[in-house]
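Okay, got some structures for you below.
The two complexes that follow have subunit A in common; it is paired with subunit B in the first and with subunit C in the second.
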Partner chain A sequence: MSVSSRIVLLPLVALVASAPARATVYLSIEDAQQAMFGAAAMTAQPLTLDAIQMKAIEKASGVPVRGSLVRVWRAADGGWFLVDAVIGKSELITYAIGLDADGRVKQVEVLEYRESHGGEIRYPGWRKQFVNKKAGDELRVGDDIQGISGATLSCEHVTDGIRRLLATWALVLKPLA
Partner chain B sequence: MNRLRRARPWLGTLVEISVASDLDTPRLLAAVEAAYAAIAAVHGTMSVHEPASELSRLNRSAHLAAVPVSPGLLTVLRAALAFAEDSDGAFDPVVGGRLTALGLLPASEVMAAPQATWRDLRIDGDQVRFRQPLRLDFGGIAKGYAVDLAVEQLRAAGIAEAQVNAGGDLRVFGLAPQRIALRDPRAPSQWSQIVELHDQALATSAPYYAAGSSPSALIDPRSGSPYAGADSLSAIASSCLVADALTKVALFATPSRLEALLEQHDAQLLIQRCAD
Partner chain C sequence: MPLNPPTVLSRKLPGKFTLAVSAAMLAALSLPAMAATQQEVLEQKVDALAKQLEALQAELKALKAERAEAAAAPAAAAPAATAAADPSAQPTRQDARAAAEHKEAFLSGYGEVNFSRYDHDASRTEATVRRAVFGIGYRFNDSTSFVSEFETENTVVSAEDGGEFEVEQFYIDHRFNDYLSTKVGLILIPIGYLNTAHEPTRYFGVERNNVETRIIPSTEREGGISLYGRTPFGLSYDVGLTTSFNLSNWDYASPEGAYSPLGSIHGELANSRASDLAQYVSLNYDGITGVNFGGSVFTGEVGQNQNVGVTASPRFTLWETHARYTQGPLQLQTLYAHGGFSDTAALNLANAGALTPIPKAYFGWLVQGAYRVWRAGDYALTPFLRYERFNTGSDYAGQPPGFGAVDRPTETAYTYGTSFFITPNLVLKADYQQYRRAKEDNRFNLGVGLQFY
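For the complex of A and B:
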């Protein structure tokens, strides 16, 4: 339905059921370690925070500490590698952060992004809704969607998570080194 | 074809880069790094949330004396001012004062006048001067610009096919069209439509994530009123900067101004209208 040649009104069909939940795996833990530390050997050093440490990290970072377990690896070059997960409005993001021996951020990589509401494609007539499709292009049900556009979703949970991990490093991991 | 997909937090959102190419993995990785470096540079220069950014420094001092700015900032500023003029202020990068007054941006040292507009700004060569204290905010345009720069890097590296998606504002290139789903404004974790893009950019503005500290607060720069509609507005254009700005223009511009801007930029607007 066109309002003009440049403005197209897209009909919103009845919301029958969920479209597919978006779940993307970007990197495995091993791949992220290699991306950040190359061939340097990585040693797992899982950390369990006590109540006092959790309080101190909360105070230093201004971010609530919800779990006591921190997934930590030490690189042979003295760097650190931490894996964490944060929950946003409707998404679960697992990410890794690499720190050099002095606690400076080398790199942040999202490992996995998952939107929670799952389900099947159940839109009646959804195949008619392709927009901006060139004549002759074939589209089949089940073809992958290659991206999603929408209002920008804030990633403040990730930036909060990074702040919490940096405080964890400064207060707990650095003194261990 | 060698494929790679990465996501990193930048510009207040997650920026995803997907590439496919015959290049070997080290060169593919180098191209993706260069693209992220371009995005990081835009974040470092144009974030209003980073007190040390060039934009924040400009906002602190340009009402006192003319300030020389970098070519990148000047490019975005000129583009933003053109959209402000052509939309009669429906889009205005000087909206920062209003956003601050409404608590949608953190307070800054300089009290920006909420009623200041793009007309209070002068550019002379690479020098920028404010006629009164004001706060530029490139929230409606910097993400698109960063996506464009990242795409340039990927193209220059010889990547055959790519998508750069900054939290919903995206651009694609390659031989084959790419299928992009639009979030359903009634249930944004689901999608409702599919758009095919071929060497194009697509950006969306919609109110469903606009609450709280979202980077996409939708405020009429002229009145300070929030966007009252429920529609989701997506723009398709040749550059992501233009697509990004047009979705903001479309929220508040008069129909004739909007039509003229779409025509001028050879762009298309897609409206997902919520009946209720």
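For the complex of A and C:
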């Protein structure tokens, strides 16, 4: 893009003021940690699952485990912070969950969303449904989690992802703590 | 995500450019000062330089933010001071898989195989691949993609067979930001529930409901442009300018217009007449979890300069309002749709006595309840009940005296049955449909439906 056309575009960019260069990134990992754990120090505790653990998580959650690495942080207050990604319809949704020391969900944040449709999962009301959920809870759309018309797939896949993360916590992280 | 060098280079350009501009500004500022004292000149220069420095600082800050944002995108580049020693910051198998799934071209599909056994006429009993639909999409970049859907109905399309091949969707989708996206091409009109969510796993009953087939002619699509998006508090919108219907295709002698008034004259962007356009507005609210409600209006002139024999400009209008409540295994849904054509009196008079005049008004509504009674893993059994009232011609303009009223009676339909989900995307269905007036249509249906993406 030429310099002059960049200049010409500036007012347009200002007009669509809410459009940063990458409109789909809502929160950085740091921001999400701050939102969930305030100033508490966060220590990265990345986890590599072995084949037996992966099988066990699949069995407990009913969700396929597709990667052996789990991005985990431990908060100074004993809580946990996990970052994960699922496919919405055809694009990745990156999200984070915060757990308290007992493994109950404190908060769910969508970090990155790429699809035009289904972004309704960012509505606070929808994400609030997960608060206080723990491993072993149903965590299924149409059970204890309500879906959103027009965002069915995104809702189902994020719910599945959280169920998988909670099983990961119960089977692997909790015994480590 | 690594910044590629050309991008970095081009981002530096504005800085150089602004420097050049500032030099020019400086020179301009200096001109009147030539007559003044040397100190004044210097002060002005310093002021200008300070301003320029501020501008550069702001620009640098913006660039830094942009780079930080880019670095944060692959999820774990620099979460904290621990980042350097953090193996989770490295690409993982999960990332590799994610990258592989973040593909440029994508394939999707859905379809249904149906069987219907009519109570009163065994000769009408039939089995068919009602729909086989394949979607091909392509992602041009992070914010722009192409979406298409190709559909065959009833398997075989030939001179002797009744099947259809259709391009159901074919558009470019571009996302400006969280609140605004656009679609351009052959698009679905966002009216009611079924028109945009028409995969067999998304609705109850083997056949689509009457109201959203006959009053709202699902799957209703037009060529045009849509602007859509959502607000942070739960309201989403979609407004569009599209091609319209062509009233010169109205067949006064065919029962088709009495079955589905708009469905009998839709253009489907197959060399559609496009001198008259249509507009729509659709709003939905999803801010309360488990609750959705909304409505839409779709209207446009339908004369298309086809010299249909009237001086007035006939117009169609279709509006609807809908609500859905889900709580645990319970799902309740209702929808009311109303349509009509204006300025049709002269046309109907000119075709007095014909089988199917053009309706001034038609409507339909439904209530539906479903309750998932059993689930084990992905398996689920969900019985449902639907009650519909609809009338494809409740009022007509231009009825000549002596021909009697042609207004149609309102039909009532009950559909009850069950969906058995093997996974959320694979369903077996069975239901029974009962019509109060058209008893010959009473039937038992079986179906299998699937969706993948």
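We adopt the following convention: the second predicted complex is superposed on the first by the 115 of 177 C-alpha atoms of A that agree within 3 Å, B and C clash if a C-alpha of one lies under 4 Å from a C-alpha of the other, contacts with A are read in each partner's own complex, and residues count from 1 in each chain.
Going forward, a contact is a pair of C-beta atoms (placed from the backbone, for glycine too) under 8 Å apart; a residue touches a chain by one contact, two chains touch by 3 or more.
Predicted, not measured: the structure shown is a model, and the values here were computed from it.
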Please indicate which partner A:Gly147 is in contact with in the superposed arrangement: first for subunit B, second for subunit C, both, or neither.
both
Of the partners subunit B and subunit C, which touch A:Ser90 in the superposed model: first, second, both, neither?
both
Please indicate which partner A:Val110 is in contact with in the superposed arrangement: first for subunit B, second for subunit C, both, or neither.
first
Should A:Val158 be classified as contacting the first partner (subunit B), the second (subunit C), both, or neither?
first
After superposition on chain A, the subunit A residues reached by both subunit B and subunit C are 3, 6-7, 18-19, 21-22, 24, 89-91, 116, 123, 126, 129, 143-144, 146-153, 156
Subunit C contacts subunit A in the complex at 10, 13-14, 17, 66, 68-70, 72-73, 75-76, 79-80, 82-83, 85-89, 92-95, 97-98, 101-102, 106, 108, 137, 142-143, 145, 173, 175-181, 193, 196-197, 202, 228, 230, 232, 234, 236, 284, 286-290, 292, 324, 326-329, 331, 372, 375, 377-378, 380, 424, 453
Touching residues on subunit A, where the partner in the complex is subunit C
1, 3, 6-7, 16, 18-25, 28-30, 33, 42-44, 46, 62, 66-73, 83, 85, 87, 89-92, 94, 111-112, 114, 116, 119-120, 122-123, 125-126, 128-129, 140, 142-144, 146-153, 156
In their complex, what parts of subunit A are in touch with subunit B?
3-4, 6-10, 12-13, 15, 18-19, 21-22, 24, 26-27, 35, 89-91, 93, 95, 108-110, 113, 115-117, 123, 126, 129-134, 137, 139, 143-156, 158-159, 162
Subunit B residues within the subunit A interface of the complex
5-9, 12-14, 16, 18, 29, 143, 163, 165-170, 172, 177-198, 200, 202-210, 212-216, 232, 234, 236, 258-259, 262-263, 267-275
